[in-house]
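A single structure is presented below for examination.
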């Protein structure tokens, strides 16, 4: 579950829905643990009784949003984006920040399933659209697809 | 909660007790997620209804021991030892492996409380014993002390 | 200097030119140290008397291409992409791999100058093209621009 | 080449000698890039015409000491200690800080040769001295031994 700290209301609503749906499906929601899309996804997961993990950029658990169950301060700064990807069986990307873009790219690089909602479009040097990420309009459907692609119950 | 994968029965018993006591105290047990002392601590925590987090060296959640609730594959190899320390509010070290020694050192370097049970003694170049780590014989007392030193409920 | 291991001949020629021009300008060429675009850039830099640094994903200096002067095995896997960005004052991206995309994104996220040659186009969720990366057709001009944007002599 | 930022004059003199000798032997000196032992080793290496690499904890190359040829800002904080070890074919440890101790431990864990000069003594839980690190009084001899143990020309 990746997405930026600065997000509009539609992104936040989408992230809430994704988090809630992931929780319903039994997936653990792993994210960067801060505000914006990350917080909305955690809030959604929490509302559905799910477990949330925040891999934080800094050294203090206190920077986690209040809906993170397991706060992991990493001290890695933005390098923790790679850790969020490594820790996830599939990635749902919401919104259009550069951090989110880095996580999409790292997940595609690692061969992990990526489902995008209201996020970047990637155009290859040839001018062709890249088809590595599956683009889905409906956030709940995105969560369903991610869990399905991830295999049994991981998130 | 740090300690090695290769451990004798006394280390394993101590780790089980530490994990169980941490869970009773409401602390989340964070460890490297593999076998030996790590597995014993997770088993102890689970037996007391606690939550366990395993920060794994590899890329697959499947390498976690069966008592890890939240498996975080990091792909960092032994560099994940630093992450275990960063993610912890206090460290309880059990046993005498080099990985455990690295975690003791990184925690002391970061100014975090370290409680040692059946682990390394550190002698400064001057010949004086280092007093950065608190050495405790009783594993349950070590857990109590770690939680106390960590402040409110972190582990 | 970022770019993938699998690259066509035009990408390789562009990377060679970028590396050579960076060296002429006195910049150290930092890259991932493997083959393809990375090797071509190092070869270019070496041909112009420059210094090359390879931040390798694995644990062995032997995996560096033969034009790396300073091989740094990191053991970080693809997380070393973030390190390549952190270590660079500006980024020149050549080619269209996902690893390259991750480095573009991480550099933009960190607010570092990014100059792209024959690489990804990024389209925001709004449908607008992202203008964070400067796109340049001529590889030598890309190197000039990167050094200029990076400030005094870094690369 | 590992050692702390806060060091006495004997440690600094030893580090200078180690750095100079490593350079004479053709080894690249890799260190944490800051002051104290790190700076003394770089100064020594530079005095003998050697190449020095500083893997810095922060994000700015400006924090490197003036004798670092290749400054690599990592943004990893103290986790960069593990990177210094990963990047080295053998480790020479000078002085008694906790960061140095962590690097000794990580190197021993990774099975890399470690030569200690005026540094920690490690006592196993059994009360036996650990013999993983070779202790040498003479700094030049320590450098010779490290290069010899590392194999052909790495440092």
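The first chain written gets the first letter, and so on, giving A, B, C and D; residue counts start at 1 in each chain.
Just so it is clear, a contact is a pair of C-beta atoms (placed from the backbone, for glycine too) under 8 Å apart; a residue touches a chain by one contact, two chains touch by 3 or more.
In this text, all values refer to a predicted model and were calculated from it rather than measured experimentally.
Student: Quickly list, by label, the chains bordering both chain A and chain C.
Tutor: Expected: B, D.
Student: Which chain's mean C-alpha position is the greatest distance from chain B's?
Tutor: C
Student: Distance-wise, how many Å sit between the C-alpha centres of chain A and chain B, to the nearest whole number?
Tutor: The separation of the two C-alpha centroids amounts to 29 Å.
Student: Round to the nearest whole Å and give the separation of the Cα centres of chain A and chain D.
Tutor: Whole-Å distance between the two chain centres: 39.
Student: Taking each residue of chain A in turn, which ones touch at least two of the other chains?
Tutor: Touching at least two other chains: 59, 75-76, 78-79, 82-83, 86, 110.
Student: Quick check on the complex: what are the chain D residues that touch chain A?
Tutor: The touching residues are 59, 75-79.
Student: If you look only at chain B, which of its residues touch chain D in the complex?
Tutor: Going by the criterion above, the answer is residues 78-79, 81-83, 86, 95-99, 101-102, 104-106, 108-110, 118-126, 130, 132.
Student: Please give the residue numbers of chain B that touch chain A in the complex, ascending.
Tutor: Contacts found on chain B: 28, 30, 51, 53, 55, 59, 61, 69-70, 72-76, 82-83, 86-87, 89, 110, 154.
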